[in-house]
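For reference, the structure I am asking about is given below.
Which chain is which? They are A, B and C, in the order written, and residues in each are numbered from 1.
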């Protein structure tokens, strides 16, 4: 198959890999701060709706629509983050799931979002380089963050929140930052997604998606930044690769999830495991 | 041991790598429905209808001597998968045209791909308005609710004494919501007031709270643009609560399952739909018998529409000479399809151009008179 | 109408309560949010349906058999998945994801085997009579479900409060490690808890299957959402709270329909849940946070 027909066939898949890579990065940001937040799918939905309404109904340009789609979910995150982030562990997971349901029900009942019919005929604006640029920009940002004081504060909070607070880290503010930034990345991904799939409906950003996104991050591993990207790519490609299993392909998906949790607890891309393994090898070589 | 653990992988690989064996004279057509996930309860019967029609056409020597090959793909009822499958079928499998996807939302996502590539996309189960506005390559054989509902309502009013109605519908589903919108509009035009409107969500099984409220509002009939799955539960629970009024259903109510499950509770229910299992026409009785023989279950409206759709396209293919030049053949099919008329399991069928919107030319909707029928003694009986 | 709506609320709430009972038990004892509880609920319904329709068993044999079957599924999940994660001391995110995987697996297998069309028990297999009290109608089956939920709740509370077994379980809920030091067979009781919880979940599925035309491979998902809401409202891990939370959720939903509008039912109940988490994460009836919180 030549290049142009390959691209024609798989371009959407490639864009989805990038977009879901962003989503996995977004959830891994909150996870790396020890927050089990499942609101990312809802933030993606807010971003997608806001940017699609901007281009479709207000005729805004794509960049400004994306900007709005990034700002809107992060402002929502800022507002709900203050009270929600007092919760931890499963309580936070449940609260953010509840928030996701609230967002879905709101989208179902508003006129501007088209109710259950959703928005249709969204213009095709997203090009491959928009997605690539977004992924690279987010990667650079997160990389810089990791090596900054804030990144170290994330790690301190994840290891032991009380100790971190005693060390003088403004834990609440740092957690809020992770939450808001995660929402911004999710919103950007949503805006990009809306502009190559032509349509949006409230069901696109529900519980199932929240779980998918979490799975991507866990599967890939959250120790490094490549892990979430890898996880996003695998979960996006899996249904395509398993096509020949037909009605049992979702069963294979379930088995893979269980297997990863049982046998690869740190995900596929685990730099620390790799480093340990390499060290062991070199020790063997020395001896 | 080692071979044992490897064997499933080998099996998987061999399935992946089997090339599509096809002959020069094959007509390759894409068929994508939701075969897994919740929407598969519609997707699977549709696919069954198509496969039955394919076997019948090919058994009779195909179209102009060419066999029809359906390339089947699962789209899981998800918009991104529908787009991916469409692209695969158009650019990789190089099909002549595509049937499906199952849900209106998926067609809104995948349709533009086909339209841009100048390939016919043919929906058999998409009833939402606006589908054929996507462009001139979009066809559907499923009549819109907007065509079915006014006929149903007028017929119902003629037979029952209706001055005010209550409504119950699912407000988180594109299919039931657009059904509701159309009912609302038709009721306004007929000047029939709605005394109470109730909603439910996907997955609900207990509707007694809403029905108790409807009962208190005391309408003359209850309108239920619901799917038969919820419909049966709603009917059973209404009767248990002592609601005696007739129900009026939309497209989704039309399933043999409704009566099978709700039994006596379904008595008096009025349904409008493009397909009627009691339609005595030869084509329909043949279809029902053949379907039962092949699958061991009763067909429903969705399978009938899938079955007819392949005959519509076969009819069109008879009228063109395929050249093997893909683009040319795709265009030729697109040009001849709007003029095709058949008499199938769903009765007489023809296309009509979508209403012109703005500057964009639209596709083609179904031009079909719906059947309106009532449940009497556990059977669907035609209402005139 | 109000009296009827109160009956409706209690009958809806008791279905939620029955589902939440097993769900909360696993959380309380094992400290795990078992997201495959919806899948077990679904398999229980199918198991009973199969025993009745394929093997022609009487309902009175099929019901306990399906309960045991659901229990065994829960036990299998515990032995194959949760046990390994416990031994590794994995963070509580891990069992959540693994049980999501198990739920996907169950749903997909059920769909492959049974198809996705909704089914119900053949009508002649159960009683669809109704009890009439003036203008109020109570379907007998619903009354049965409500009583069963209450009986099971009281039974569970009695076991937990008054028996040696319950004492041991409560000790585990406090701290599995010190329970083990006291000579309590912690692993065995984890297995037992998983079995009982799954049997309860399966029972809820069977009863829903009996009352409604609703047995589908996907029936577990919406119920799981309600179950999550119920146990948060009642207090995570609290048996009495789960039942009260389930009833409370049922009452909220029905009253939202009655006094507001059915359109806002879900927004109201999830909004309420959201506010509840912010205001009282330990739930309406929960006394103290459990160890994993």
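In the analysis below, a residue touches a chain if its C-beta (ideal position, glycine included) is under 8 Å from a C-beta of that chain, and two chains touch if they have at least 3 such contacts.
Bear in mind the structure is a predicted one, so any value in this text is a computation, not a measurement.
Colleague: Assign the assembly's chain-to-chain touch graph to one of these shapes: line, ring, star, complete, other.
Modeller: Looks like everything touches everything, fully connected.
Colleague: For this structure, which two chains have more C-beta pairs in contact than any other pair?
Modeller: Chain pair with the maximum contact count: A-C.
Colleague: Centroid of subunit A to centroid of subunit B, CA atoms only: how many Å?
Modeller: Subunit A and subunit B have C-alpha centres separated by 35 Å.
Colleague: With chain centres taken as the means of their Cα atoms, state the distance from subunit A to subunit C in Å.
Modeller: The answer is 30 Å.
Colleague: Which parts of subunit C, given as residue numbers and ranges, touch two or more other chains?
Modeller: 108, 111, 221, 263, 266
Colleague: Where in subunit A do residues touch two or more of the other chains?
Modeller: Expected reply: 109, 247, 249-250.
Colleague: So which bits of subunit B are touching at least two other chains?
Modeller: Where subunit B meets two or more other chains at a single residue, that happens at 36-37, 171.
Colleague: Please name which positions on subunit C make contact with subunit A in the complex.
Modeller: Where subunit C meets subunit A, its residues are 33, 81, 84-85, 88, 90, 92-98, 100-109, 111-112, 221, 225, 228-229, 232, 236, 263-264, 266-267, 270-271, 273-274, 277-278, 281, 292-293.
Colleague: Using the touch definition up top, name the residues of subunit A that touch subunit B in the complex.
Modeller: Residues 1, 5, 8-13, 16, 108-109, 115-118, 120-121, 124, 197-199, 201-204, 239-241, 243-247, 249-250.
Colleague: Contact residues on subunit A for subunit C in the complex?
Modeller: Residue positions touching the partner: 31, 36, 83-84, 86-91, 93-95, 97-99, 101-102, 105-106, 109, 207, 211, 214-215, 218, 247-251, 253-258, 261-262, 265.
Colleague: Which of the residues in subunit C come into contact with subunit B in the complex?
Modeller: Interface residues on the subunit C side: 1, 4-5, 8-9, 11-12, 15, 108, 111, 115-118, 120, 123, 128, 130, 137, 139, 208, 211-214, 216, 218-219, 221-223, 253-254, 257-258, 261-263, 265-266.
Colleague: For subunit B, which residues count as touching subunit C in their complex?
Modeller: 36-38, 40-41, 44, 171, 198-206, 208-210, 212-213, 215-216, 229, 232-233, 236, 240-242, 257, 261, 263
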